[in-house]
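Letters A, B, C and D name the chains as they come in the text, with residue numbers starting at 1 for each one.
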Amino acid sequence: MEFDLVVKNGLIVTASEILPPGLEIGIKDGKITCLGTSLPVSSSTKILDAEGAYITPGGIDSHVHLAQDNCPTGDGWESGTRSAIAGGTTTVIAFASQERHHSSLFPVLAAYHAKAAGQAYSDYSFHFILTNPTSHILTTELPRLATDEGITSVKLYMTYEPMQLSDRALLEIMLACRALGMTTMIHAENADMIALIIAGLEARGNLAPFFHAVARPRIAEDEASYRAISLAELVDAPMLLVHMSSETAMQHVRSAQDRLLPVHAETCPHYLYLISETLREQPHDHFHGAKHVCSPPLRHRVGDLEALWRGVANGTFTTWSSDHAPSKYDHPQGKKAGLKDGVMSFKTIPNGLPGIETRMALLFAATEACLPAAEARLGLPRFVQLTASNAARMYGLGGKKGSIAPGYDADLVIWYPKGRGETVVSNGMLHHDMDYTPFEGLKVGNWPRYTILRGQVVWDRDNGGVVGEKGYGEYMKRGKGEVIVGKVGQPVHGMLENERQFWMNP
Amino acid sequence: MEFDLVVKNGLIVTASEILPPGLEIGIKDGKITCLGTSLPVSSSTKILDAEGAYITPGGIDSHVHLAQDNCPTGDGWESGTRSAIAGGTTTVIAFASQERHHSSLFPVLAAYHAKAAGQAYSDYSFHFILTNPTSHILTTELPRLATDEGITSVKLYMTYEPMQLSDRALLEIMLACRALGMTTMIHAENADMIALIIAGLEARGNLAPFFHAVARPRIAEDEASYRAISLAELVDAPMLLVHMSSETAMQHVRSAQDRLLPVHAETCPHYLYLISETLREQPHDHFHGAKHVCSPPLRHRVGDLEALWRGVANGTFTTWSSDHAPSKYDHPQGKKAGLKDGVMSFKTIPNGLPGIETRMALLFAATEACLPAAEARLGLPRFVQLTASNAARMYGLGGKKGSIAPGYDADLVIWYPKGRGETVVSNGMLHHDMDYTPFEGLKVGNWPRYTILRGQVVWDRDNGGVVGEKGYGEYMKRGKGEVIVGKVGQPVHGMLENERQFWMNP
Amino acid sequence: MEFDLVVKNGLIVTASEILPPGLEIGIKDGKITCLGTSLPVSSSTKILDAEGAYITPGGIDSHVHLAQDNCPTGDGWESGTRSAIAGGTTTVIAFASQERHHSSLFPVLAAYHAKAAGQAYSDYSFHFILTNPTSHILTTELPRLATDEGITSVKLYMTYEPMQLSDRALLEIMLACRALGMTTMIHAENADMIALIIAGLEARGNLAPFFHAVARPRIAEDEASYRAISLAELVDAPMLLVHMSSETAMQHVRSAQDRLLPVHAETCPHYLYLISETLREQPHDHFHGAKHVCSPPLRHRVGDLEALWRGVANGTFTTWSSDHAPSKYDHPQGKKAGLKDGVMSFKTIPNGLPGIETRMALLFAATEACLPAAEARLGLPRFVQLTASNAARMYGLGGKKGSIAPGYDADLVIWYPKGRGETVVSNGMLHHDMDYTPFEGLKVGNWPRYTILRGQVVWDRDNGGVVGEKGYGEYMKRGKGEVIVGKVGQPVHGMLENERQFWMNP
Amino acid sequence: MEFDLVVKNGLIVTASEILPPGLEIGIKDGKITCLGTSLPVSSSTKILDAEGAYITPGGIDSHVHLAQDNCPTGDGWESGTRSAIAGGTTTVIAFASQERHHSSLFPVLAAYHAKAAGQAYSDYSFHFILTNPTSHILTTELPRLATDEGITSVKLYMTYEPMQLSDRALLEIMLACRALGMTTMIHAENADMIALIIAGLEARGNLAPFFHAVARPRIAEDEASYRAISLAELVDAPMLLVHMSSETAMQHVRSAQDRLLPVHAETCPHYLYLISETLREQPHDHFHGAKHVCSPPLRHRVGDLEALWRGVANGTFTTWSSDHAPSKYDHPQGKKAGLKDGVMSFKTIPNGLPGIETRMALLFAATEACLPAAEARLGLPRFVQLTASNAARMYGLGGKKGSIAPGYDADLVIWYPKGRGETVVSNGMLHHDMDYTPFEGLKVGNWPRYTILRGQVVWDRDNGGVVGEKGYGEYMKRGKGEVIVGKVGQPVHGMLENERQFWMNP
């Protein structure tokens, strides 16, 4: 019973409660080995005094884009994961991305591994984006991906011409993933609706950044979300809808959850804090709105934000991710790609916002730890679920990441003690490689004081900032994910019992 | 004030009430010219005594397939319209059908006109099935179709490989039709779901007729219906979902109607009377179920029927059509096309049921005219709406067809007086050119005693049967249809006011 | 075929359609006897040229309070019915009201009859308000009321201390009415909620007129409406919720209607045009808001109005009534009863607004006859349903009142021809005995040009105004009402089939 | 770091996860002081080997009736709490019950304390049943009850003549409890509906036990639940609906939870396992159904059970309680009170079932620990929430009871290791003082092997059975409860922001 590090004097938050005060966390060889009181210390034991602060599990950001080919001015692994740990995130799951012409996933994966190797400040893993789900890939490569590479989730697009999959392809992938216990993540927007609107906007010369928010209306997300849920229901496959931004789509999810369908949902900080007004031109910079171009777009009304906050609170959403997919603003291959010779076109503005570093603080700021009870949006256990524990369990890191309990990796965020830590977000304080943050000027009630990754302090805000080392982050092979919401095997309205057995495997 | 025909002693039913007893209908030159009491008669006036019977408007069957190329053993115009008038239907709207390779609709229409010319016992019109909506057709031909040919409705398919349209195509057609005041009819089933299931059924050798009902589950209709409604909502276009068979899809319609979206719905007698059990093999004839193969398929449970009856009663459904699309059973190009060398395959069974003649009686049988109040499904005014007046208004025949009032064509159905007319349906009594009826043996509480078309008795059940003449039926040029349910111009959830103006015409 | 009056050149509107132009209405002995073209005229036939105007059935206002004891400054029969015909209403149903101490209804009724006799300009009937439903009254008097007196509807209160009934009493009355085919009308607000709030308002001195709107929040109506529907569902009794003002309560009704429960709903013009802002004090008159005190109160937001308009359009509401229950404003027993010695108290302001004369025009103004299609709230057939035909059928006047068809009383409203008739409402133009109208200054698109009651012109706006005679109005004995929405005999969630038979009569 | 007891080799289940294997629980002075691996042991440390079994928190049964005056043949404290620990329940919350004539709660409480003193095998606390909420009690006694006596919850009845409260009384109590942070528990059934039905049943001689299930239909619960939620919403008071049995009522709860209202719900094992069929007479014993008489009654259909299981799984229900309120069957003051001289009357059968001992096993049996994933109704963390942690937090025992973490009382249930523990329930094995169990013959997949209360083994199934001592159980003063679901301060539909401030305190 020896410890390398003992964290004392904190208030430990789990996914279900705030543990009684006075508990200490004993850490050995990068793992939590003990929760108790008056833990024995030796000369080699470091002591970290939390000063009464809340301690939450290290954040897991399950939706980030790093060093992705289609995003030339985005963050790479070094700046991206540096930004992560400075914001309290200790594990990121990024994307390896098949292009249509790739007939095998493994060379693609090797290239993505190569870019990450030795660069990461945080632990990391990959989802695989599938754009060409050949039979070979589904039957031969996916099983190896899961077993050998620890990649147990795929992301699929219902929109974007280079990635869009047909309903049939979605179904085939869902079936393959279901058999392997893999998780399916879906970007749900109706591509044809969007194409029609864009054609209409173009024909009328409506191409300023704001029209990006017109081009992808909520109903495009609502329809595609309902369709994706229906497809998953048909083949009894668990799934997650990524970056949800529409109340109606969220209600589709809730309604599915009521029926115990294994339908999960993700949302992102920008959909809870920002509205489309921010895409409008500004007096000093007509193109300013390009900074807020992402898909789905920011919605029009404060009421949209309110509705999504309800889903954050009532359990509809499973994860709170950044969808960090930034491009530099003032760069000809960045956001300014949408501005040629003084002519704006939202069509050529790269999609995506930076957010990996602000993610944790933006949700913590909405908890009862920072706001009076009547104004708080959620409790701290729900914060833990959304930022860490659900993603861990859902993506096959359960038992290793996402909880503060013996047996888990010692990944911790220690927040400033009560009354300290209030922060005004500014791009200057962030550690990504971007020239703006969409949350500039936003005041948040707290910020991580320390981030600890496998027992090492990697972020010490008052004393050195990023103190972890590049390359300390490890690649995580993941196991099969858990179903967090609902369960498989639910009957489909109108079907006979066991009707599926006539045409699919059990 | 002279009349060719006076119908007296009937109970006239309108779309809103049963008029007081004692009214007479005065008819001159094929039109109703007077409703009153003690109408003057001259020597040339014929008198028809209704003997206290209910009189309803001549039926309008707005969904029938006659002489269609892809249905070699179906009814042609002669047998089809003969069957219509014998069942109380005085106007049918059949389909002219574009094939993918047709670059112009007019030669197609000419061919369809040629087949009908001089053959019809009932009045008739055409919807146009679009499968290749080129820009030329949408911008040049549709307007002429509406203006010159009186064809103001198109039918679109979301399923069936030779006809299926993309969401984009649906949207483009809806936009074009909206501008012209044309009505869009949609067959909504998710084609990819169905294809996946069929592949699975085939792989497991599950090919008996019953598996047709497995291959097209309710959820395929539910998803496609929701999608079609979303597409129509986006572009603010009135539409009608044809032959609905699923409670969930119906609820999508109801929910849209609650919000005043102009979403209409059609259902058919077989979805209210028959379940998938009838597709199972029978001891004497393993292939018997083929007789009941139609799409969407018959559903599995009595509860499915109950749910649809609620929609019939509460106003969700706008029209009650036959979807008469029969094939002979015992014919190698008919249903038996699905039975080759003793091997069954539902995939090659022609879809569709006969039903043009039984349509009116099957709904009348469910009214309070035939059943005790506690068992009746609907009242007589609702019967009139569903069988005649709604279709007339919706498809541009308002003011001419579908009502019993001065100014309208004198198209009437006179039912047997109370206590008479009970009928057991058998194929032998029907006037189509088919070798079976799916309703064989069903007892209905009444049957048309007389059918009158433009003032002429064309069906006299007790005295000659079909007494109209082939060729008496006229082609009806239709005007713009009315929106029966909801209204155009409804806001879309989440959109700004007038947001559509950025990308579409008002 | 002789006529006393022929109305020609109008566009006749029924509950389901606008009849083709060119029709004439032949009237004899106070009844419509013929609809036709070129009706024969003799020297004694008067001709009324509608000049192309719409003709709708004479209005039936099924909720008016005249000469009621608890309303000393309200309208009596003379002024009330004079106001009715000037607004296009030819039949009113007023209330005879039992007080708690009345052990028999017949002396009460006699007194009410006495007040009306010889005073009425319009036809009239009575609902009975029950406040003390003894066994004698339920089993002995109600049947006589229905059979002998033609009173086939009762009104019940869930609020107001002098009238409020327990759930048990409501159930007993519903059972009694159900057996007699009588209709139950319910004022649904939760009395205990309101009492609690009023106590809290009083304790804080919040007694200005505006607080009336705070004292009776929507949730009080929502709860009571849900409860009333549940009670009616339990005992399978048709009912109508009067003067609905809340979207949520309306959704309860719609949901019940979806399930085919015979639940009807009424709303009133003030809930569609006015909000609680009008109850606030005005600079020149702090007590001005008292003019707008009614129960349920006016609601707070324009969104409340929008929601109710949807119910007006989509069929949720069955009737559009005035709830004419006015008190003079500047009168110590009128509204000013709430202002004693300069101290305001909403508690002692008499409830109720005048509205009998403006009712028809306020709904007509919202139709496509007055507004462009995109702005119109409803079509003319729906106007007829709401203002006349539904009330006629529901309250046992079917076949006699509420429709324009041979056999019906010749009760007609002829509106000004298109482009004429626009009117700014002012109290000076109205014919009630009140010193204000809540709609002062509202511009409406049309106004009745003529009102015809049983073949007599009683209102001729351009030529004499009220030209009918006091006492021409007749008392109408009513028959059993029809169920307009849904049907009796619906199963209750969770009950066994026929479970009710264990404890109630079929 | 010394321990009295170390439990090793178990799988610890928390409210959010199953902790990694290999963890040991260190216990000192009745409390858990450490979770870790290889905990140090001394000669005085007892070791308990869980043999790989699941370990869950000691059960909290928050709804039991012990030694209650209106239940002469029920369990007293000795037999009741003995039964509790034998079933894995370490804390019970029973009821102290005000009668209408009691003007002070404290003498009542003293009497209840006296009955419990020295008798309990488990820890215990009291809710207070209020039947006469005088101003004195609400303003003076409730605060003392909370502060001095640690009683922070009240139970209120909307039915049962001796206890029933008006809506106004419910509102007043909710307001008082809200100010004190007390929890309101409500028995929601519409008393008037039930009284009407009972009168009808009596009049027709339908009095066999089965008619108890007819007398209290689901709609009575549905209505009252909706009303209770509305009352609580109005005054912004957290509440819990006890022993819910109806899908519709459950949907009302879910819908409230979607809107973040602090509405909690409880259900009981018998509503998930038994249907009304069990109330029918049996050949050998016509009165047998009396054994299953409870209120709300068992529902009619297996579909009712299925619906409630969904609520158990999806989070709608907050607690799983026994509502242990038994009466002996074969006893003239027990169930046989309903059988006098061979004449049955369900009206005089005491309500309530035994269930304190079977509660835990009946839910555990439905988890993935006992059933294949496809058949399991819930996961183990949800089991912990429902049986222990939610009740602890909701009723003010958070931080002390309901979790397995350092700082908490060492209350544990150790289940049989996988593959052992399957049990057929029979009354003979149970430890209550009853002559039957309603679950006789039911096979459950597991049963508590050990129950540990504050570090002491009190139940050792294989070695002595009940090995705790009478009187070891302690009275728990409780603190303020937490809101588990939603939050206070939600806006009410249609109200202005802060409208409540006009009439109630913040």
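We take it that contacts are C-beta pairs under 8 Å (C-beta built on N, C-alpha and C of every residue); 3 or more make two chains touch, one makes a residue touch a chain.
Keep in mind that this is a model prediction, so the values were computed, not measured.
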| item | value |
| --- | --- |
| Chain D and chain A - chains in contact with each | none |
| Path length in the contact graph (chain A to chain C, fewest steps) | 2 |
| Chain whose Cα centroid lies at the greatest distance from that of chain A | C |
| Where chain A and chain B are represented by their mean Cα positions, the distance between them in whole Å | 50 |
| Distance from the mean Cα position of chain C to that of chain B, given in whole angstrom | 39 |
| Euclidean distance of C-alpha centroids - chain B vs chain D, Å | 57 |
| Residues of chain A touching at least two other chains | none |
| Residues of chain C defined as touching chain D within the complex | 166-168, 171-172, 190-193, 195-201, 203-204, 206, 211, 214-215, 217-220, 222-223, 226-227, 230-231, 233-235, 246-248, 299-301, 304, 492-496, 499, 502-504 |
| Partner chain D, residues of chain A touching it in the complex | 1, 14-17, 19-23, 26, 33-40, 254, 257-260, 310, 313-315, 373-374, 376, 381, 385, 389, 393, 398-399, 403, 405-408, 486-489 |
